[in-house]
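Listed after this line are the structures, all set down as structure tokens.
The same subunit A turns up in both complexes below, where it pairs with subunit B and then with subunit C.
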Partner chain A sequence: MNNFYRAVITICKKELFLEMKRKETISTMIIFSILTIVIFSFSFNVEQVEKKILFSGMLWIMIIFSSLLGLGTSFKKEQNNNTLAGLLMAPVDRSAIFYGKLLANMIFVTFVELISIPLFLIFFNFTITENLLLFTVFIFLGTLGFISIGTFLSALTSYSRSSDLILPVTLFPLSTPLLIGSVKLTELVINSGGEGYSPWIQLIIVFDIVFLIIPLLIFEYILEA
Partner chain B sequence: MIHFKNLCKKYGSKMVLYDINLHVNRGEFISLMGSNGTGKTTLLNLISMLIAPTRGDIIFNGKNIKEDNINIRKKTGYLSHNSFLYDHLTAWENLKFFGELYFVKNLKEEIKRVLNLVNLYLVRDEPVYSYSRGMVQRLSFARVMLHRPELYLLDEPFSGLDKDSINRLYSILRLLIKENNTVIMATHNKKHAHLLSSKIWNLNNGNIVNDETTNINPVTTGVDGE
Partner chain C sequence: MIKNFNNQKQIMNIAEVLLLAGMLFVLYLIFLWVPEDKRLGIVQKIFYFHLASAWTAFLAFFIVFVLGIIYLINRNIQIDLLASASAEIGILFTTLVLITGSLWGRSSWNVWWTWEPRLTTTLILWFIYIAYFLIRDSIEEPEKAARISSVYGIIGFIDVPIVFMSIRWWRSRLHPVVFGEGQGRSRGGMDQDMLITLLFSLAVFTILFLVLLHLSYKQKIQAAEINSIKQDIRHQL
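Now for the complex of A and B:
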């Protein structure tokens, strides 16, 4: 296997291994998701038709805010003992650090989604059996875009003094088109079986591609700065 | 082996290193001396490519480090003030991670080798957060040696070590010299510098003010200079 991919997998494995030991990020994300579901389900006493309108927005609120908890610590935890410098000295293109972290963040968020989305459906008495595959693909693509932007900005902001504030302030405006597209796509799957999704899926795919490629080109300079 | 050409580093408006022009031959042990803030760590950070120079070049084995940085990083080992180690991982897990990142062959054997060298093999399965300062320093040294670099950059390697650990580190450094490795060590300690180095560079106001050659044979000289 190419050294670059080996380094990406090594960094991802390290992230997962550290998380298994510390159990900080995933547990916080899961607790937050469950709390959101419980609050939403008790707050909105609505009919089935209204639920269909609200569902996708509530689902994405849960996904983005729980993801943010993981993204915030993604690069910040490399400050302890300056482990980021240890990664930077590795004989591999430095963008491997980004892709390793991205892969790990995707695994964390997907794991949380696998627990929280079924719970969301149960609490809201909802079933998505007909378009489950389409629903899964849309959630995956939306999550991938959000996590790509988030991991990139996490690296960019981790060494600033108010990184906890700067990350959401930069992440939300930048990802707004992607989030609107994701909410719309989820809504279309639920209400009309996914008809008319073409422009939204194009928007999301463009976002995903752009934010997967940009770090390859400029990540080294960002870390140097 | 390494050549510094008009090397300058500026932080904001402060010039930390100014117009450094020096040459390091293979197998040399160089001590960088100077008081706090004279640019010792900055020079090591520049060679390790953690920071970029404001002006000038560093030539490593005839190649500019800007152009061949991945290969040069493979040949460099840096012991910094920070350990670069993950506190929640054990010594073995830390070394396994760094070994994989450096694509070290026969990784298990290499980890055993370096852990034995720094006398941490018996505590290899304990997390780093349970280690003393000296043990962390020794483990950092094991991390540096793991991929068998040609160039060792050591920033205050003796800090936090007790007498036994200092003796052990001395014997490791002598082994490195014997194997014709190149070492650049930043230190405040004149005794360590004089006992180990073939050359001493004194830094002052961002420049090398004195380049002295010692007559010591570091391989045969003891810790106490005998």
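Now for the complex of A and C:
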């Protein structure tokens, strides 16, 4: 177990190191997030519409679309120099690769969110003073679920000729429960101070747990030499 | 091998005759025998096709799930071909569910589409299994395609109940509870004759599914054989 844990950390560190050297994924994700904000302001006429109605939907669209950019390259980049073969040769359980990547993706996306969500609030002139903690927890749980299933599908689609096209097509339908739950929770926090959230939070936690545990059982079948 | 094939052929002939007779009988039950619904009128008869298609689609996807697990254990490529045949028929019947549901919805709810839990879940189900083929067809080596689509078939099926629960919470319900405890009723909302017709319809759709599954499977096996022959020829050239 200790060995497994070390492997996860090592793979995560490798991802972080690569990203610190190249800086391309995170910077693209941040720029893309800001671009979505601009597109929203053009297409929804946000000045006049009741912002509370649109807010949580727009927020999650921004998070999901920018995360998608990072997820797409997560496993695909291992194929350029066939570095995947190196990873597979490591004498650890294959699922360690998944959890390492998951941790790294989670760090990337959280970092992007720390910049993009405040910007989102500033651009749309929105303040969240009460329930900030609850808001943060909901964003975290939603992101965690999306990144777990996203990392899994990123590995799954990496063998495909057109993985960039296939990933969103598989990811969006499978993550419907998570999207519904996250949007609802954020909406509840903004509009009613978070009352009546318990079914949604149960839903998201169940989803998070299912897609954090399934890879442990099944991930080794995806990556086979 | 050839003897086995003949046996299969005999069973299939029997199944096809049974299917034809069953279809005619169910059509008789639906259009001539069973009484019309008091409130919904003749349109309600689409229900026997609608629900049976939904059942068949669900059965097909369940088979994809089970065969996915079996494939990952024994790595028999034929199992995977059978799974993909089942997924294909599942998509066909899901499409039928969406079309018949839409027609029925137009006449009884006065809209072609509504974002009601079961409708929405069916639509998501359709997307999930369309993606099954998108992944499958975009991977070159058959072994890899089989492995990846097995994993996807398992994940997709596990996701379906969660999708359904989430959408159910998201939208209130319009569908009546057909079996078991209904709202304010002790035993669902179904007449005896209608139940009999429905059960026959389910049985015939299941036989139809099995016949189609067999045909599609045979076609896929032949396609795989042709592909391997083609590759042999290419090697020799």
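Throughout what follows, the second predicted complex is superposed on the first by the 215 of 225 C-alpha atoms of A that agree within 3 Å, B and C clash if a C-alpha of one lies under 4 Å from a C-alpha of the other, contacts with A are read in each partner's own complex, and residues count from 1 in each chain.
What we mean here is this: a residue touches a chain if its C-beta (ideal position, glycine included) is under 8 Å from a C-beta of that chain, and two chains touch if they have at least 3 such contacts.
Note that the structure is a prediction, hence the values are computed from the model and not measured.
Under the clash rule set out above, the superposition-derived model of subunit A with subunit B and subunit C shows the two partners fitting side by side.
Seen from the CA centre of subunit A, subunit B and subunit C lie at an angle of 90° in the overlaid model, rounded to the nearest 10. In the overlay built on the shared chain, the residue A:14 is in contact with subunit B alone; subunit C does not reach it. When both complexes are overlaid on chain A, the residue A:191 reaches neither subunit B nor subunit C.
By the document's definition of touching, of the two partners only subunit C reaches A:169; subunit B does not.
When both complexes are overlaid on chain A, the residue A:160 reaches subunit C alone and has no touch with subunit B. After overlaying the two complexes on the shared chain, residue contacts for A:136 are found with neither subunit B nor subunit C. Legend: residue contacts after superposition of the two complexes on their common chain; A:6 is shown touching subunit B, with no touch to subunit C. Once the two complexes are overlaid on the shared chain, A:80 sits against subunit B while remaining clear of subunit C. Applying the stated contact rule after C-alpha superposition, one finds that A:224 touches each of subunit B and subunit C. Counting residues of subunit A touched by each partner, subunit B versus subunit C, the larger count belongs to C.
Once the two complexes are overlaid on the shared chain, A:206 sits against subunit C while remaining clear of subunit B.
The superposed arrangement places subunit B and subunit C with a least CA-CA distance of 6 Å. Within subunit A, the residues touching subunit B in one complex and subunit C in the other are 224. Interface residues of subunit A facing subunit B in the complex, by the touch rule stated above, are 3, 6-7, 10-11, 14, 17-18, 21-22, 80-83, 85-93, 224.
Note for the complex: subunit B touches subunit A at residues 48-52, 70-71, 73-74, 76, 78, 80, 82-89, 93, 97-98, 100-103, 143. Touching subunit A in their complex are the following residues of subunit C: 72, 124, 127-128, 130-131, 134-135, 138-140, 144, 147-148, 150-152, 154-156, 158-159, 162-163, 165-167, 169-170.
Those residues of subunit A that touch subunit C in the shared complex are 152, 156-157, 159-163, 165-166, 169-170, 172-174, 176-177, 180-181, 184, 199-200, 203, 206-207, 210, 214, 218, 221-222, 224.
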